[in-house]
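Just so it is clear, A, B and C label the chains in written order, and each chain counts residues from 1 on its own.
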């Protein structure tokens, strides 16, 4: 067990434990903050996989943006007019059975598959190759993403319109 | 990367719609009465894109480093989406006024949903499927909740969004597993490496998750629970495009992802799963629809059962099944659009006139509308000589060809059950004593849209042979 | 290589240790003699009015949403900007044009939100 394994288990523990806290805690604000730890742990895992750009995206978009949005959402709706919104953990047994089954199936498949291991050099940084890909193979997808984001924006503005 | 003029000409339908979205945004920003201009503008856009797609159906090519294909079945789907959306625009003009949601954004969102469907239909890469799916779904989420003042509409949007996002999660997880086993997102790469991975458990479970995700989108049985509420709560014209174009686009993506499997023995792994989905959807949809009193809910359950019939064609795993499903989708798109169009015409303010009992005596009060609705009901129930009959016929034939006669028999039984609730509406309209029932005022533009849909349904019913031949030449 | 992340790990470790130390040392060493006055809510010396659970305006939500979409857009500009010199040498002006189209399409959305009063605060 080398140092990388240790770091991996550190981040994996952070991710799993905080994810567990997200679903099990009764206070929705705590859930939101635990979600931040989950996102952070996932970012660490991305780094270990050599996906540095993805890790940055995870931090900027999820921790910096989506989580803020979630917190806004919580604060917008929590305890409106002094009436607390009922939050509790329900349906524990069916949920555990379903999740257990799903996890078991996925685990079984992962264990029984002959994974091809390819030795590639650990990339120094992925951002250059991503830039090349965006301008070559994925140029159409790149332009369409512009339209997709435009529509997301218009949809958001349309939902929040005044009339 | 060299892109020639011909390439741009081949993707012209996509460019037209995308440019249409941008121009519509500008019109919406600067024109004072954009809600009057935009419907006609989008009709022009849809019509030109659809017509061009049908015109260039023979120029097949693979473009943008194997990202998309043009021509062939993709263009047939383009035609369906664009003409369907053009009819929906016609229906919407007066409906939006009536429903109190008279805003220009509606048409921008409609155009972007159509762009998403088109991307799903011509994708040649899993990334493209994902982009198309999002491009289609995001406008639908917004459109479902477009009537912000109505609680039902909000409920519809929320349910559709949560379950749709959940389904997208399945699809992306499936794509991840497919990528993990193949090493590429491209359908062509999957086809080349298919021999190595066709027995790989990770690949199989990836495809299975992909099918489950799209079963949400096509509204097949165990994944149907959002359908009645969403179809009922959304504005009726939105339901019309959601239940036709959305379903057709999801089916096209299913065909693209399953295309490496067709003609291979490993497809047998999916057959029990797909046939279970088909049987359950058909029977559940047909039986539960009988108990409905709300016409939108009834059509929602009927849409579940139609998803079942189409899944029979997918289950067969044959080229004839694929062609049959595309034919079925073409017929279904226009007959369902027509049915929802009439519902949207008759609908009063504040969700009134939506009960099946409101249609009593429509035959005496408005013979034209009643006649058109009867055509659509006959077509949906699959009685000859209307379009729906031939759709079912081709799909059932493909099931028999692939040695699953029992599936065709279940399909026939389910069709017989469904005749009851379709024809009950016709009976209520014509053969009911008394004078109760609504007295609708009919919008002319919507009537035009419905008449066009009826003409197309009749045309498909008159020339099924040549249409299926055209489709079959493009299905490998 | 992963070694280049060592400084980040060091900063992270230092931040965690420092934050914990700052919080717990005051609890450990400081005197604690609470009374009702001290425990009451401090609001600039004025007696607090109403609850702390005020409803936040929906406006924040729209702004946050616009921010996230902008965030995602910027993410797509990074790789292009880093690689721009080489891409420009290879493909010429078309690299610039494709990014230009992307940005124009996208900023149209912000212009739209601006025109529709998405940024007004009343």
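Keep in mind that, in the parts below, a contact is a pair of C-beta atoms (placed from the backbone, for glycine too) under 8 Å apart; a residue touches a chain by one contact, two chains touch by 3 or more.
Just so you know, these numbers come straight off a predicted model, no measurement behind them.
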| item | value |
| --- | --- |
| Overall pattern in which the protein chains touch one another (line/ring/star/complete/other) | complete |
| Which of A-C and A-B has more C-beta contact pairs | A-C |
| Chain nearest the overall C-alpha centroid of the shown protein atoms | B |
| Distance from chain C to chain B - Cα centre to Cα centre, in angstrom | 40 |
| Chain A and chain B, separation of their C-alpha mean positions in angstrom | 31 |
| Whole-Å gap separating chain A and chain C, where each centre is the average of the chain's CA atoms | 16 |
| Two or more partner chains touched - positions in chain A | 139, 145, 147, 150, 152, 154, 161 |
| Contacts with 2+ other chains: residues of chain B | 1, 22, 25 |
| Where chain C touches two or more other chains, by residue | 91, 105, 108-109, 112, 116 |
| Interface residues, chain B side, partner chain C - complex | 1, 22, 25-26, 28-30 |
| Sites on chain C touched by chain B in the complex | 91, 105, 108-109, 111-112, 115-116 |
| Complex contact set, residues of chain B against chain A | 1, 18, 21-22, 25, 63-65, 67-68, 103, 105, 108-109, 112, 115, 119, 127-128, 131, 134-135, 138-139, 141-142, 145-146, 148, 181, 200-202, 205 |
| Chain A residues within the chain B interface of the complex | 105-106, 109-110, 112-113, 136-141, 144-145, 147-148, 150-152, 154-155, 158-159, 161, 163 |
| For the chain A and chain C complex, residues of the former touching the latter | 4, 7, 47-48, 53, 57, 60-61, 64-66, 68-69, 72-73, 75-76, 78-82, 122, 124, 127-128, 130-132, 134-135, 139, 142-143, 145-147, 149-150, 152-154, 156-157, 160-162 |
